Every structure is written in structure tokens, then in C-alpha cells.
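You will see two complexes here that share subunit A, one where it goes with subunit B and one where it goes with subunit C.
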Partner chain A sequence: MAAIAPEAATTGGSVFTGVRNRLLMPSWLSIGILLVIPVIMMLVYSFLTKEFRGGVIWEFSLAAYDQFFFDRGLFGDEPVKIEWTYLTIFARSIVQALLATFFCLLIGFPTAYFIATRPPSSRAIWLFMITVPYWVNLLIRTVSMKFLIRDTGPLNHWLMQAGVLNEPMGLINTNIAVQLGLFYSYLPFMVLPIYASVERFDFALLEAAHDLYAKRWIALRRILIPVVKPGIIAGCILVFVPSLGAFLAPDLLGGAKNFMIGSLIEEQFKGSAGNWPFGAAASMILLSMVLLVLMFYARSEARRVL
Partner chain B sequence: MSLNHVRKQYGSATVLHDVSLTIHDKEFFTLLGPSGCGKTTLLRIIAGFESVTGGTVQLHGKEIAGLAANERPVNTVFQQYSLFPHMSVTDNVLFGLQMRKVPAAVARKRVNAMLELVQLEDFSHRMPSQLSGGQQQRVALARALAPEPEVLLLDEPLSALDLKLRQAMRLELKQIQEEAGITFIFVTHDQEEALTLSDRIAVMSAGAIQQVGTAHDIYESPVNRFVADFIGESNLIETHVLEYHGCRLICSLPGGGQIVTDSPAESMVASVGSSGYICVRPEKLKLLSPAAQADCVLQGVVERHIYLGTDTQLVLRLDGGQTIQLRVQNTSHTGTLPEPGSTAQVGIESGSARFLEQ
Partner chain C sequence: MNSASTKLMHYPGFGVLAAVCLVLLYAPLLVVMVYSFNDSTSITRWGGFSLRWYVDVFTGVEAAKYKVAAWNSVSIAAMASIVATTIATSAAIGMTRCGQWNGKSASFALINLPIMVPEIVTAVATLIFFSAIGFKTGYLSILLAHIVFCIPFAYLPIAARLQGISGSFEEAAIDLYATRWQAFRYVLLPILLPGVISGALLAFIISLDDFIITNFVKGAGIETLPTAIFGAVRQGIKPNIMAISTLMLVVSVVFVTVSWWIGRSGSRSDNR
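Right, the complex of A and B next:
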């Protein structure tokens, strides 16, 4: 008996490991099929040669990346210059995404704080009210926004009637309109993670800080914000990343002048004018940038903990 | 520190009725009472987390009721410690000093001195989550002491610790208080804690102070039924006053005897004939041999024995139907105790009975 007991224990352990692996299979499969394989496909496509009516020819080529960064003239025989068109679109996308993140944080943090400090019974109602608009499709909401702010739309109409404006403010097809669209699209992604961490925050800590001679504002800055920082970071990532690749808001609200990287990629895969390898290359460049940002964050976090 | 006629209302509920207290410098003062008696509210008023509905709070003659918590030279050790989870032990202790804009070099020294005081020098770089409950407790104490408050408030600081640790921390707390030379105001519902630590104790109930005094005063001379019942164990025997001589009363005993009792004279309104209770501590009752003759004697039937280690508790049902308890020490020469069901005679030590009004 004594000899059997430890063996039984180890067998029990390995049976459990087997069960765990089998239970994890659906997760591994969905991550594999939906995440890893598409990214690898993109990576491969970005190094292939384009077919003129969309699609690819299976022939290795660096043309897509070359086209993104360098300008060799119309027939490829001029001295090499840096191609600014796409880099400008990239830079604009980054600035727009950063601004959207900033505004979402500016509005989202107080909102989340407000909701998290309501009595528990009314928090659910506030959260519900935040999410209700998002039950409508993003496309519909963005189109509605376009109707709302266009020159002949109700916003301009009311402001002119009220005497605030003499002529329509020409908001549509500007970077500001795109910004408004991004902000509106992704605000709840900022509010919800911050709410989750503020809700778990122990407000007695603020009392403790207050007791130790901290003024209210300093207590918020030195205690509340650092403690809920994981929620803030999560919110920023959840807003920044989709904003960077957004194409609905720039397409519908920004017009042709205010192109963002998402629209550029979308165009490469739409209809017969597309260039699949180029779209794939642009996607890969976007992806590497996002990963770089996340890596810097992970690095700084690791350093802070150590 | 003095509190004068402090009242606190939440809506229509009155949490504190007219509380007045004077707490001396460098005193270990305890607010003792059951949960919901208003002791924590009173502490939060002193700390500045709650406003008063009426009355004044003075520190060294200066009114502080209108000051915010961060403007009072008063620090708190919280029940759940409330250490800042994102700061190391050092940074936690440093926080109050930084807020007071103490020069960095001085502050460093002070932090080290505090960590030494609570014996945590070797843990200065740990995060609170890496500490045990007892260690967190010490950090909370060091953090609250570091800015040299005039008064330190402690809100049931030992209640989250297990028994052994609680007893060890109790002694340490007293030592630290003596070393630091600061007034401590300590809130607890644990009477043992209150009795062992305090210079003086205020017993609270239902939002009012019932009695203020030393541990000895409160245990030996409770002023009312609540205090007698709440602190330690008491036998409360129904009685009525037979004669009245200043602060000495002669009261009836069930079974026809008489007894001389003390009474809290200043608040007495009882007169001859009025009924009340005789309060006697279980250890002040003595088993008598069946043949003994004595004046102040109670007769009863033994209901059961309860073995408590150092002594045995006897439950007796008196002739009138009331039950009383007495304690017999378990020494090697203790004779056999009367068996349950047999009758027993109990004598009351002279001078140990106290008359309490209804």
C-alpha cells in the first residue's frame, strides 16, 4: 500500500494535466486559426508579386516594401528618393490615434471614476447607458455622425439658427471630423477597463493619504492614478490600436484628403485596383509598430516591478 | 485633547449623543464598546474624516473641528492598514513626511528610525503584498508615527491578526507608545485588549459614553448595568434597597438575607424601596461548607460545572429562579465540588457587591 500511494498521486497529477490540455484545445485552435495563420499569410503575401486584377503571383519580391518606402519614379529608372506619401499617411494615423487616445482618456477617466463611485445599485444603469449606443453597428453610427455634422446637417442648422454661426463651420472632411469619429467610436473601450480598476480601488487609501497630510488632488495623483494604472494602460491600448487601423471614420468623415493607414490597406484589397502584396506589407509595418509600442510598455513595466 | 458635547447625526439617525471627553497628553486612551456604539465614528471625527453635527473638538486648546484631515496633527492606523500597494515599505513610511515637506535627508533618517522602532529595518524594500499581516500592521504603525503626530488614532488595529500575534503586538504597542511619547487613542471592542493596554478607558454604548476610568475603576466599580455586563462577567442579582446611608446601601438578597453594597453615589436616584441589581463578579463568590453560618449567603442548586483550565465555573440556580456563576480555582488542594443537582451555599466577599440601578 505504502509503495502504491505516491505512484497514485503522480498518476492523478498527469491525468489532471491531460484534462487541462484537452480543455484548452478550443482556445489553442481558435487562436491558431483566427490569429496565427492569418498573420503568417499576411507576412507571406507581403513578399509576393502582385497580380494586376487583385490576387498574387507566387514569386518572391520585395516590391511591396520598396513601394512603401522609396520613390523610383514612374518607370523605376529615376534616382531613389524617399516616398513620403505613405509615411505621411502613417504619421497622420499615429497622430490621430494618439489624439483619440488622449481625448478618450480625458473624458473616459472622469466618467469611469464617476460611475465607479456611484452606489452599487445604480452603477449597472450607468454602464448600460454608456454601452447602449454601441449596440448599433459602427458603420451606421459613423454615417449618422456624418449626417449630423455635415454643412447642411442639423448641428450647423441649429447653431446658425441660434445665431452662434453665420455660415456652416465646414467640419466635414477635416481631420477634426475624423478625430470626432474616432473618439466616439472607441470611448467605451477606455471607460470600461478604467471603471473595472477604479471599482476595485480601496477608497480607504485616499483617506489614508489625506490623513498623512496629502491634499485631495495630490492624493488622487500619488495614490489613485498609480494604483488604477493597469486599467488606464489597458484602456489606452484598446483605443490606440483600433484607432490606428480605423478606416470607417477616416473614409466617411475625413474624405480623400485625410486618409489613414486603415483606409490605405482597405483600398488594396477592394475591387480590381488593389495591390495585395502592398496591402499586406502596409499591414505588417502597422503590426510591427503596434508590437514595438506594446514591447516598450512591457519592458518598462518589468523594470518597475524588479 | 478635549471633546465637548459632540453630536453626530446621519439624516434622522443620531450616532453620537452629547459626547464629552478629556484626553491627557501622552495617555493611552481607549474607546471600548460593542460594534455600532459609535466609537469608530468618534475616532473618525477626531481624525477629520467626519464632520460634527454639534459640539467642539479641541487639541491643546485649539479648535480643530473645522480643519480637514490633512490639516490636523493627527494620524491614523487603519483597521485594514490601508498601506499604499504600489509603494515599498520605505515609500509608505516616507509619504507623510514628503507631504509635510520635510527635507529629504531628515525624512530618510526619520524613516529609518521608525522602521527600527517597529523592527522592520530588513524589509524596507519589500512591497506591502510581500509582507505578513503582522508586518503590514507594523508598517502602518511606522507610517502613522513618522510625521510625529500629536495624537495617534488606532482603529481596531489588532483585529485582523490571529490570537498569538495579537497578544504579542499588544505588548509591543504599549512599548512603542511609551517610547514615542505620543497620545494614543485606541478603538476596540475587545475588553481584554482595552484592560491590558490602556491608561484610561471610555466605555461606549448606543452613541454615548457610559463610564470613563482606569481598567481597575471600570472593572471593580462599574457605574451601570451595561458596563458591569460588558466588561468581564458579572452576576446581576435582582434586589431592592432596604436602607440608604450615603454611598452605602443595605439591600435584600433572594432567600431573605441582607447585604451592604457600594453604589456609584454621584448618579444615584434610588431611594429606600426602589429595586435594582446587586453586581458581583464570579471570582468574588465563595463556596461555603453546608454547615457554615454567614450573613451574606445565597442558597441554590448546582446546575452544571464548566471546566475552563485555570478554574472551573459553577452555574447555580438560586431560590428565586435566577442563575449565578462563580469560579473556583483548580488548585491541587481544591476539594471535590458539589455535584450537579445538589444544593450549595455561596458567600459574597464583603465589600465586593455593588448596587446598580435598573
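Right, the complex of A and C next:
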């Protein structure tokens, strides 16, 4: 998405150049004070000692990271083993986010392409239809999904009445339900940037490929996809990043057995666990993973521009 | 486009997948909408059409709770949207109208940081920040957090529109002895207005939509609509929740329609 990269070309002359810093100061200050400093403090908190019932004691400690990676037994005197609980939660989150990205791409790319090749009048209507769910409250969308697929919900009810099922399929509180929720939550994020790329695509290139005896699907793979790749990558990032830290879909659709990072973190602050340094450490690990993905994106973007 | 190229552009099955995409996106919402009109207390069996759950939302035992929550949500969204849009408009002019300078990419990254940091991380960091400086969590802490994450959402449409406006307008104004403020207020702002409005609408919806950050920084005793709904859903999906959901859905659809319409009229005036 072009919006993510700083624009090289600038319009306009020198009218506002003299007051540049004054124009930018409010945004720098508000985000600096209310986001950058908080993230730094979160990093500090992850190295502090936990206080029971939330909060911290100002004493340096590696306990949070130690708890994340190592198992030293209940009293800390057993031989050190790898702690799999949290690594499993992170691995599950990564796999779920990758799968959600894959499925969104699988449905999102053809949809975006189809919309971009409609005549302008119906194209606007299709785009509007895709955009509406994106504007609907995510909590409400997730609750709707839960209502639809739960054991006593309409989907099971209809399928049983139609004789397809004898008993509810037990979809709710499974990893599949979480996957469905993630896919459903972030699908518009995949369609819109790909659409923006395909819309700018010069279809004469496909004609040229055809004239040179390229089969339809070869032309798609060798001509179209390489050209619209920036849109595909942007879409993948816009689905992957929020899926990785998602809270609502795993919490409402997954239940206690299918924890993802978001629920793990939430539990440290709002739930029963009440371990702030550990929650801060888990958040730092999540943030590092996201920044890694974004750096990879920025590098590929820079390579494209150069 | 001639018919041959149209045929080449066609990939069999893509249309079907697009239709599947729409069905997947809308099916859960439509089902909830339909069932919000269900007369039966048993939530899955259809008991005929009725508005009783809508009556319940406005006059039932939980009406007062949802009214307060709705007012909190709307007032926070309105204020956050106005403040964030003001900050974002100023930032967008600074970013697009002041040429090249060292640190421009860093400034761009900073302005968009709230979009890039996962929501749950922002929530944790903000909670830790407020707790460390001893700021009392409540209405004001929610508002401050919302302003910050709304800034990039307001910024993007405004900056996009600014890039499409030639700098000669404000230069002409300056040449005609307008002050910098007048050049902005009477020349640039009117042309920029569709971008500012869609930025403000987007910020408003994003604020209204937020659950995770609000849930972390709200403290005890204050609810917004999403946190109130989340709390209620924990005990099971009751029909009045579906009525509230449908009402919020209608509000969202009205917003996107207005924003779409403004965007269209904006782009049409460009072509003139």
C-alpha cells in the first residue's frame, strides 16, 4: 500500500516550510508521550519483579523472561528444562496467523481481481460491499460469528433440520473456529490493497502475453502476480500482524484450550494471573516479532523503489 | 477495452470466489440482524417477528447501563476524532508541504506507529504508563489513548488528498498578501475538506470500534459500548445484545455510506 511508504514526491512550494516543526510538533508530542515512552516503560517493566495482584516492585529481575523460556520446577531447584507452555502458545499464534493470511489470500486475491476487472459502475458497488464489514465493530462481528457457529446456533440448527448432521458439529471452542474468526475479521484488509494494485495494472501486458502464446494461468503467474506483488505483500502484512496479536477471535471463539498470545497477555493484566512483568515481557516478544515482519517489508519496499 | 482483452482478463472461478467472499463477510451479520427481530426467548428457535428486544434495549432492566455506555462511547469517539483530526491535518501539511528534510521518514514512521504496533501491545504499554505516573484510569485515560491511535487513521486520507492538491493555490494566496493562516483557512482547507471529513469519520469509527485498549485503560466503574457488550457476552449471547449489535451495525453502514458519498463528490470536483 502506497500509504505505508513515505512519499518521495512532494507538491507545493514554500508556504508552510517555515512552520514545519510547529505543524508536526503536536503529533510528535502526543505519540511520543503516549506511545513511545509507554513502550519504553513496558520494556523496563519486563525486567522488574512482580507484585502480587498486579503492579511491580522496582527491583531488577529476569524472572519474566526466565519464566517464559525455562521450567525450573515448582521451587526453582530442579534441573532446568525448556518451558513449552508459552512457546506453544506463540507457535500456535504464528501458525494461526500464517493460515489466516493464506486463506485470506486464497479468497482475497481472486475477489480483488474480479472487482478490479468489473466496469467502473459495478466496481464501486463491489468495493462498497467489501468496505462495509471493515467498518462494522470487530467485537460485534466476532460475536455474530460465535452466535452463528456455536452448538445451539442457527448453522447447526439448520444443518440438523436439513438432515446433514445428526448432532452439532462442535465447531465452537476449537482452533478451526479461531481460524474462521481471524479469516473473517481481516479478509477486507487483504482485498483492498490487492485491489488497489490490480486496478493500476496495465492489462495490455496480459494481451501481449497472450500474443506471445502464454496460457491464461501462465500469464497470471508470470505477468500479473509479479506486477501486483507490492499489493499482495501489503495485504499479507495487514492480515498477519493483527492476527498474531488478536484477542477477540481466540477469546470468544477459541475458549481456554486454544490460547493465543493476545489472551496470554490479557490474562496477566485483567485476568487471574496478575503478573505484570511477565505480561510486559510477552508483549515485548510480540512487538519484536511484528517489528521484524515490518522491517522485512520496509526492505522489500525499498528494493522495489530503488 | 475491446472484447478480446476483456475475455483475456477473465479467469474462470474468480467471480464465484468473489461471491463466496461476500457471503462469508455478510452471513454472520445478516443472521444476527434477522434474529434480533425474533420474538422467541429461546434464542435459536424462530418465534415470529417482533420488536420486543429493541424495546428492551431502550426500556428494559439494562437500558440505563447501555445508555451510559453508549454515551461514553459516542462522546469519547467524537472528542478523540476532533482532536486527532486536528493533529493529523497539521501533521499532514507538515509532511506533504515542506519539501524534503532529514528525518522525514522517521517522522512518517512515528506518525504511523499506532497502526504498526499491535493493539494489545499499545494497551499494555498505555496501562503501564498510566499506572507508573499515577494517572487515575477512567474517562480521561480512555480519551487520551483513543486520540493517539486515531491520529494515523485520520492522517492517511488527509495526506492522500493533500498530495492531489497543487501547491499553487496557497502560493497564489500568499502572493495576494494573505497570511499563512488565511492561506490555510480560506484556500487550502476548503479544498482539503473532503479528506479532513473522511479522516474524521474514520477516526470516529475506529474509536467507537476499539475494545482491547479501552478494556485495559478504562479502570473500574466505567464502560463503553464494546466493553459493556463484551462483559454481557461472557454470560451468553442474549437477544438484546443482538438488537444492540444491529443498531451499531446500522450506524456503521450510515457512516460508511456518508464517507463514500463525500469521497465520490470530492473526486468528482477534482475532474472538473
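Here is the rule we go by: the second predicted complex is superposed on the first by the 255 of 306 C-alpha atoms of A that agree within 3 Å, B and C clash if a C-alpha of one lies under 4 Å from a C-alpha of the other, contacts with A are read in each partner's own complex, and residues count from 1 in each chain.
The definition used in the following text is that contacts are C-beta pairs under 8 Å (C-beta built on N, C-alpha and C of every residue); 3 or more make two chains touch, one makes a residue touch a chain.
Given the structure is predicted, the values throughout are model-derived calculations rather than measurements.
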After lining up the shared chain so the two structures overlap, which partner does A:H157 touch, if you call subunit B first and subunit C second: first, second, both or neither? second
Counting only touches as set out at the top, which of subunit B and subunit C does A:E51 meet: first, second, both, neither? neither
What is the contact status of A:E83 with respect to subunit B (first) and subunit C (second): first, second, both, or neither? neither
In the superposed model, does subunit B or subunit C contact more residues of subunit A? C
Just checking: does A:G245 make contact with subunit B only, subunit C only, both, or neither of them? Give me first, second, both or neither. second
Touched partner set for A:I140, first subunit B, second subunit C, both or neither: second
I'd like to know which partner A:D71 touches here: subunit B for first, subunit C for second, both or neither. neither
State whether A:A208 touches subunit B only (first), subunit C only (second), both chains, or neither. first
Touching A:T117 in the superposition: subunit B (first), subunit C (second), both, neither? second
Identify the overlap between the subunit B-contacting and the subunit C-contacting residues of subunit A. 204, 207, 210
If you look only at subunit C, which of its residues touch subunit A in the complex? 1, 4-6, 8-11, 13-15, 17-18, 20-22, 24-29, 31-32, 35, 43-44, 86-88, 90-91, 93-101, 104-105, 107-108, 110-114, 116-122, 124-129, 131-132, 144-145, 147-148, 151, 155-156, 159-160, 162-163, 165-168, 170-171, 173-174, 180, 183-184, 205, 208-209, 211-212, 215-216, 226, 229-230, 233, 237, 241-242, 245, 248-249, 252-253, 255-256, 260, 264
Inside the complex, what are the residues of subunit A that reach subunit C? 3-4, 6-7, 9-21, 23-24, 26-28, 30-32, 34-39, 41-42, 45, 55, 107-108, 110-111, 113-115, 117, 124, 126, 128-133, 135-141, 143-148, 152-154, 157, 183-184, 187-188, 191, 203-204, 206-207, 210, 216-217, 219-220, 241-242, 244-245, 247-248, 252, 261-262, 265-266, 269-270, 276, 279-280, 283, 286-287, 290-291, 294
Which residues, counting only subunit A, touch subunit B once they are in their complex? 202, 204-205, 207-215, 218, 222-223, 226-227, 229
Of subunit B, residues touching subunit A in the complex: 47-49, 68-71, 74-76, 78, 80, 82-86, 95-96, 99-100, 143-144, 147
